[in-house]
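Naming follows writing order (A, B, C and D), and every chain is counted from residue 1.
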Amino acid sequence: DAPLTVIAGPCQLESADHALMIAARMQTICDAAGAQYIFKASFDKANRTSVSGQRGMGLEEGLRVLQQVKDSLGLPVLTDVHTEAQCAPVAEVCDVLQIPAFLSRQTDLLLAAGQTGAVINVKKGQFLAPWDMPNVIAKIESTGNTRILLTERGTSFGYNTLVTDMRALPQMAATGYPVVMDATHSVQQPGGKGGSSGGQREFAPVIARAAVSLGIAAVFIETHEDPDNAPSDGPNMIPLHRMEALIGSLMAFDRLAKADPIRL
Amino acid sequence: DAPLTVIAGPCQLESADHALMIAARMQTICDAAGAQYIFKASFDKANRTSVSGQRGMGLEEGLRVLQQVKDSLGLPVLTDVHTEAQCAPVAEVCDVLQIPAFLSRQTDLLLAAGQTGAVINVKKGQFLAPWDMPNVIAKIESTGNTRILLTERGTSFGYNTLVTDMRALPQMAATGYPVVMDATHSVQQPGGKGGSSGGQREFAPVIARAAVSLGIAAVFIETHEDPDNAPSDGPNMIPLHRMEALIGSLMAFDRLAKADPIRL
Amino acid sequence: DAPLTVIAGPCQLESADHALMIAARMQTICDAAGAQYIFKASFDKANRTSVSGQRGMGLEEGLRVLQQVKDSLGLPVLTDVHTEAQCAPVAEVCDVLQIPAFLSRQTDLLLAAGQTGAVINVKKGQFLAPWDMPNVIAKIESTGNTRILLTERGTSFGYNTLVTDMRALPQMAATGYPVVMDATHSVQQPGGKGGSSGGQREFAPVIARAAVSLGIAAVFIETHEDPDNAPSDGPNMIPLHRMEALIGSLMAFDRLAKADPIRL
Amino acid sequence: DAPLTVIAGPCQLESADHALMIAARMQTICDAAGAQYIFKASFDKANRTSVSGQRGMGLEEGLRVLQQVKDSLGLPVLTDVHTEAQCAPVAEVCDVLQIPAFLSRQTDLLLAAGQTGAVINVKKGQFLAPWDMPNVIAKIESTGNTRILLTERGTSFGYNTLVTDMRALPQMAATGYPVVMDATHSVQQPGGKGGSSGGQREFAPVIARAAVSLGIAAVFIETHEDPDNAPSDGPNMIPLHRMEALIGSLMAFDRLAKADPIRL
């Protein structure tokens, strides 16, 4: 099994300089740690809790920045798509198209994304069981595209709370597709602050480590140099200055896990 | 308080004749029972569990049928929208635009729907708490549209199961907007049959009666003359021949509830 | 079907005078409303959240007070038992022995209670499904005792929260045994205040009415003349001065429900 | 931090020979792996799903067998207690008294157990949040006994299902008391087979590894040489012949975790 891939970046694109700063820092960290690195950032936050939440820089400008990250640093880039129309233009720039969890059953979006031929990272809906994912996969596969990643990002557990069921990771891996643990969204408290989501940033490394120990393919972590002042998802992002230690630690668990695979 | 409104029809449009048959039958039943009646049917099932599930007749043909129901029977009609682009054309025909539960936090869809000026019926996401709905409402209200209905359709409860929290009805009513109980989707078992959703049709009247007793504005019920052979949602639709008795029974509870309102 | 039975009283016994005051008031209310009345109070709160929570007056003194209520007012009385040893002495005084929800799978307690020949009211554990109850029933029936009541009191729903699944009422009724809705414990927020449980008193009438509309046999309501200063369960008890209106309202829904039974 | 402790044995005592066979085998495995070993078995299964489920050999006979395991193999032994009366006699033989999850809020049982001065392993109720445990701890501490272990064994998640929230482990560890992961009961499906509980034995190593990677003090695993024919909990016990590989694997993760502790 290949070493752990790290999908990381700020929740939303803020500026080219900001994206390049975070991407470069994460590249250095991952290179040193022996992890493959994919830069992640959103050009649009299409389902903010509140209508007054910042949406992001938009498709055109966002793709320009993602192209710059790709060109200057030679990194693969990932962003999320929300409509069928966004899929083709995003796929011209991005290596990985991500399907947001709330949209993980929207057939047309899955088909449009699949048809681009890009890698599709689909987040399991908070309302889905692990064994529901083969239906989601079949929608993408129906386009002939089998470059699929499956992301766990927590399951609804009462109100304003998510829980991560570790059994979901080997269950989804049994489909044959690589499994990603989204360690920062799984510690969100959706709507937990009234007009925005709360989060338990301190538990993201807990979830990440537990998942990596099970031998997953990749970990997804949102990071920011100043989470408390980030335009979105501040409560659950990990401060950038903590990422070096975190990635180093996760790689040690990854090596042990890959040498001793879980067999269901 | 006005008597109970009944929003009912087949899960998806099958043909003009089929729509007219169900609409006419429900109109007769509701007229006799003293209920206002809104015809409901979908032109597209955009988030079927499986890619091979039947999708429906599509926007153009669907709107033609809905227009026919409106014209021949003089009924208000409701259908659901899945993309921003669908909102304006649908609003030219339909009195009520419905936002599907999975899409209840998609800002652009809520704005596009609101901007049509039509009544917007937004279903509370399976992943939302009742007190999260003011954020959803504010998105619609930001367009100047305050013709809003709020629908309860169950909350994620473990895997492949929904539960209806009756407290949600008065809590949502406290926003001042009319509250609808979707009695048939709330007894779905999402993904419960592997490639499709299961359902507990026998409990839809249970949920409907409990909700109506709390004095809600409307009940939403999918019905079909032959649910076991319907193209979608068969396991939770109520057979058409049972609707007369059900509506009659609900109206008796509605009268009692409206005469003795719950005050939180 | 017989009219609704009301099981009501303070959470815990405080004094003979206090018990008699509440019992007499409830008796008057229920007589006027046409409901059968059973007095309920605990002599011991054996599972308080905190070790410093008030426990109650104890078995001996408690039974003396319950006997007094029985003798002076001619009322049937109910109390809960926590150990096998308590069952026989309690059954000498009480008409109904209640099994607490946490203890609803403790075989020896169910057997000891059943062996007394008294009516056994077993509360469904917060961790049980409605269809788990036949196993609980079979334990009691194995003693030859078939005088059994089944109480719904909410199901664990995330942390510190309960949800009442209305489907549980007809499901439990399908066993043939009378079903009771505990309207005040089902709106508890277990452990929700740190050192004690919170509650949502305002929703108890909501849950009670929804349940009664389904045609249940009895409703269970804790009440106190000054809930905010009661020794336990204050946040979810209904003020005594509100009981007359509540019982009157519930009886109207009960008459309608009994005339129009739900058939699964 | 000390290396991982392994608490393991059959669900229930079957005979002295059987207990000694499993204890001896586990002792050899743990010695070789560098783990401390505590033998676990129940003398009574007091809350079987069904009244016809096998209960076990009883207190007197059970204690005789546990004493034999202690004497012949020099092992510490753990068993669970269900009533106040059992605490003192059990504490004369056993090093650790275990409080079952359903009974984790029964004040008198916690006090009686604490008063013995033995180590108390209290399982977190399926209906409790991690932050509810300080109330449970305070009950035991009120006896002057601070030799306490806290066990995670899964939380109610919909019907007939448990989920393990990995955040609970560092949250409980923040109390200062050692945390145990019960890897076999947390994959139970309570009542899932109608008259008995189901289980997902294949996920026990998944849960165990994820938990051990977080640096917990101990893992609790039920094991049997022939789980499919064991008198109880067969569906979730791990076959004895798999324990050597499992313990070896867990110790490698334990060493890594203890060298790199999670800091909340």
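Keep in mind that, in the parts below, a residue touches a chain if its C-beta (ideal position, glycine included) is under 8 Å from a C-beta of that chain, and two chains touch if they have at least 3 such contacts.
This is a predicted model, so every value here is computed, not measured.
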Quick one: compare the interface residues of chain A with those of chain C and tell me same or different, with half as the dividing line. same
Pair exhibiting more inter-chain C-beta contacts, A-D or C-D: C-D
Select the interface copy of B-C from among A-D, B-D or A-B: the correct pair shares over half of its contact pairs, counted by residue number. A-D
Chain A and chain C, separation of their C-alpha mean positions in angstrom: 48
Cα centre of chain A to Cα centre of chain D, whole Å, reads 36
Rounded to the nearest Å, the gap between Cα centres of chain C and chain D is 33
Going by residue number, chain A touches two or more other chains at 155, 157, 159
Does the chain-touch network form a line, ring, star, complete graph or other? complete
Chain B residues within the chain D interface of the complex: 157-159, 161
List the residues on chain D that touch chain C in their complex, please. 46-51, 55, 82-84, 102-103, 105-108, 111, 125-129, 131-132, 135, 138-139, 142, 155-156, 159-160, 190-191, 194-195
Within their complex, chain B touches chain C through residues 155, 157, 163-167, 169-170, 187, 200, 202-203, 205-207, 209-214, 249, 252-253, 256, 260, 262, 264
